[in-house]
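In what follows, subunit A forms one complex with subunit B and a second complex with subunit C.
Here is the complex of A and B:
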């Protein structure tokens, strides 16, 4: 509860400091302080000391997994603010409001991670979505950004409608909004109601995490939005919606896996296929990362497919690895002049340190051993194998991971083995130090994933 | 047929017919007017369910405020048949098939509602009245009620950020 409360309040603090402080660059400092306060609040949450110690008649549930997941997300937010805070200020004239909207999103993420009631899930998803529509269109002079924002808004509103309808059907079948009181059994009297409800909620959540065949908005929106906000959408928000997805399907629909597992398997396979194959043909790194984020969503879908303890660990590790790598790459991409792959030609000669960090991030996304991405992929796939069915899906995923190596390595190859003069904005030594910290964290998690996973079991 | 049943079928026909007319009308102003008919029919349903407060709010907010806004926007945009976007015939066919499939699924579900109604719906006289609604809203559902203020606040911030002139 601390995190939800503090982030909502800090959003208001950001808005008012925008009113009283004329200096634009103070925004980043206040936001970083806010992220630190959020982290402290989350740690108090973890140790059970809350400002309002109540679960509001079972509306929220403070389980260790959700709270630990929020710790990962808040840490990612801190890195994001530190690395990209300057770029956020340069998007437009409303830098304080952009940060405020991000804090509101964080409070929505807190709801999505801790919900125990379908209404809370709905409100959480909405609080996450609506500020995102605004951030997508933040660069008002960019026509592509405006188009992306409108498209995202219309399709997002439609998928929200589908989710509400699904919740209504589920309520019709069970008579409860409480996830732990759904008590679904396979031979329920109102099977069709139940199935329609589950499928509609599945569709809308798949839309929010951009899983195929509901992914059509993703490339346009990620490409059209200002690059800093693409980074935010592709990392923190995507991981956060996944935890809501997993919580609902594990706690709510875990007893009737037979009814939805095949659909999820098909969605997973399609997502992996479309994301990876289309990414191969992209020339712009930003658009390639959009498709790669679809592909990565396919891997995270395995956690939802499996719904067991291992998928919890897998999703936690995957969120950490994916957020760190994506934030690192985008922080560099924002500073590049040319977003095409040719734009990266010869970066290693000019900025050896930055090129090295970007390489580590790409290796982690591809899932090469000794990076966090390897164990993340290992855990989600192992979780799927544990279920004992649909082995073809796992084999297919491994094949697709091999495809993904191709397009990630194209950028690495451009940086190291191609002659060229890639142009990049000035970077401070603090920025470089932070990038190195990201790379070190990725390798640390890749060598010893238990550093993170032990927290699920211990303390 | 009891009077409630007659009313129910009348309102249902009104809602479905109004919705169909709204989608098929060529003139957007007629569409808006048909949408108001749909809202009134739905408000009628709320009254049948003994939810008078919801019915009144539905009329005030949707039929009143939002519809007037819609009408203003349509009049300001000055739409006519010339600048209406042309749709591909295949798109129409695909839409028909997809919508038809959804309709089939819904009909399959609605077939079961009768048994559901007997089993699940609480028919206490107080349900849906403003007293009970307020009590539930501020006890059981206080968290969603309060937290939606964050949602509206962020929407408001967005409107200001996107709508302000001069930058």
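Here is the complex of A and C:
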């Protein structure tokens, strides 16, 4: 509860500071302080000390997994602000408002992670989505950005409508909005209402996490939005929607896996295929990362597919690994002059440290051992193998992971083995230090994932 | 303790090497690290070959049934020995080669050593997978950065091939993990899993493809000649003397004990592919003009024989294959050293451009002839012991495999002797007229190899004693 409250309040604080403080660069400082306060609030949440100690008639549930997940998200936000705060200020004239919108999104993420009522899920998703439409079009003079924002808004609104419809059908079938009171059992007579309800909710959530075949908005939006905000959307927001997805399917529909598992398996396979194969053909790193984020979503879908204890561990670790790597890469990408892969040619000679960190991030995305990405993939695949069914899907997934190596390594090759003169904006030593911290965290989680997972299992 | 030190020394040494910018200093440092590993291994093998030193277990991921467990036994000890012997020789014989950014080069070389030793030692499924992939990453950077003209594409192909293989193995490994009684990755628990024949059959292939790519067995070999050709020779030595042994070793330690029924079911397929590969590679070796490609193809032929012999399910074949692990490592190292010396001096590896080197560099020529004869497995050389036993095993399994495989021996004599003739004898030409003799440390490296060839050829008993443990274990499993 602390996190939801504080982030909403801090968003308002940010907005008003914009009115009274003329200096643009104070925004980053206030935002970083805000992220720290959020972290503190979340830690109090975890230890059970809340400002308003109520679950609102069971509409929220403070389970450890959700709260721990929020810790990861808030930490990612902190890194994001520290690394990219300056770039956010440079997007346009309304730097305070950008930060404010992101705090509102955090509030929505809190709801999505802790909901126990379908309406809360709906409200949470909406709070996450609407500020994103604005952020996508934040660079007003950029036509591509405007187009992306409009596209995103129209498609997003449509999918939200589908979700609401699905919730209504589900309510009609079960008579409850409460996830833990849906009481679905595999032997039920499946009324058409229930089927339509589940399918519609599945579709809309798949849209939000950009799973194929509902992914078409992703490349355009990620490519059109200002690069710093793409980083935010592709990492923090995407991971956060997944936890809502998992919570609903685990706690609400976990008893009827047989009815929907095949659909999720097909969505997973399609997502992996389309994301990976299309990413191979991209010349722009930014667009490649957009498709790669679809591909990564395919791996995260395994957690939803499996809905068992390994899913939770897998998704938690995946969120951490994926957010760290994505934020790290985008922080560097923002500083690059040329977003094509050739733009990275010879970076290792000019900026050996930055090149090394970017390499670690890409290795992590590819899932090479000794990086967090390996264990992230390991746990989601293990979750799927544990179900004992659909092994073809797992084998298909690892083949697709091999494809992903192809396009991730192209950037590494450009940096290390190709001659070139990649141009990059000046970077401070603080920025480099933070990047190194990201790389160290990735490797630390790659050697000892139980540093994070123990919190889930033991406490 | 020995087991742990073997990984730690090159690991720490490798990371330190990155910070030594001075070229001479980093070379000396790497050589010192390599000798330190050799010293630790020799001490462990000669004076402290007991359970305390052979086994190391530390907690890693207790909730997920994986621990940092190392085990040095039988064939694993032999391959560790090969690794620590090879590294000083590699560093000494390439002492004169110049590399840009030598600190990174030597750092990555030592990290590779740590990874390879990790593969040979790991006694935990997940840890094994970890090292299996880790050994590949520094090699990827070594080949891509310091290799020949086509290095980037070639190395990438190599990387993707092996990566696909290992990922398939990962799926199999996780599946196997869920079948264990105590949810553990430890080698013992994995060995004890009871699988149906169908399960064994497809798990066998998930694992075998990973190993077959690494060895490489026909038809998974297409990455190999290009990669050997394009890599800097020091890396080629690591690849062909040590890394290919990872695949063969994995068959012995993991594949056959885990899926004996699968191995019996597909023995004809594997042996058939291997034998076809032997003849095919030998024929191709005869066509080559480039020395590196010649050695690369000849290596495929030798590896094919070893992989065939591992599946014949009799003592002779097993023993021969394991001894050959070591002999092949030593011999191919000798071949590469010669290639490296020739390329450095004359700037070409083409046999058609060389000739008459023996007149000015008799020491080099003599040493090469010995290495070459070992490559043909002449009696008194180490390779004879292994090849004889392997063919004996193959003969017992099925006479036709032995007959067809035997062709490759004849062919190997053809291309090896032709190489000696073209490169060392005949008339001098413009390229080779200014030949100079090799210097003392290059001589020493080669003498060490020649000595190893003869000692093992005449008195192979210590090696037999070392691998017998593994041979007995595997034959026991088949019964």
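Quick note on the criterion: the second predicted complex is superposed on the first by the 456 of 459 C-alpha atoms of A that agree within 3 Å, B and C clash if a C-alpha of one lies under 4 Å from a C-alpha of the other, contacts with A are read in each partner's own complex, and residues count from 1 in each chain.
Methods note: contacts are C-beta pairs under 8 Å (C-beta built on N, C-alpha and C of every residue); 3 or more make two chains touch, one makes a residue touch a chain.
This one's a predicted model, so the numbers in the text were calculated from it and none came from an experiment.
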item: Which of subunit B and subunit C A:413 touches, first, second, both or neither; value: second
item: Partner with the higher number of touched subunit A residues, subunit C or subunit B; value: B
item: Partner chain(s) touched by A:107 [first = subunit B, second = subunit C, both, neither]; value: first
item: Touching partner for A:425 - first (subunit B), second (subunit C), both, neither; value: neither
item: Touching partner for A:369 - first (subunit B), second (subunit C), both, neither; value: second
item: Which superposed partner A:154 touches (first subunit B, second subunit C, both, neither); value: neither
item: Subunit B versus subunit C as contact partner of A:451, first or second or both or neither; value: neither
item: Which of subunit B and subunit C A:402 touches, first, second, both or neither; value: second
item: Partner subunit C, residues of subunit A touching it in the complex; value: 363, 368-370, 374, 378, 381-382, 385-386, 388, 391, 394-395, 398-399, 401-402, 405-406, 409, 413, 416-418, 448-450, 453-454, 457
item: Touching residues (chain side subunit A, partner subunit B) in the complex; value: 4, 8, 11-12, 15, 56-57, 59-60, 92-94, 97-98, 100-101, 104-105, 107-108, 111, 117, 119-120, 123, 126-127, 130-131, 133-134, 137-138, 140, 169, 172, 175, 189-190, 192-193, 196
item: Subunit C residues within the subunit A interface of the complex; value: 60-64, 129-130, 133-134, 137, 141, 144-145, 151-152, 156, 159-160, 163-164, 167-168, 170-171, 174-175, 177-178
item: Footprint of subunit A on subunit B - complex, ascending; value: 105-106, 108-109, 112-113, 115-116, 120, 139-144, 147-148, 150-151, 153-155, 157-158, 160-162, 164, 167
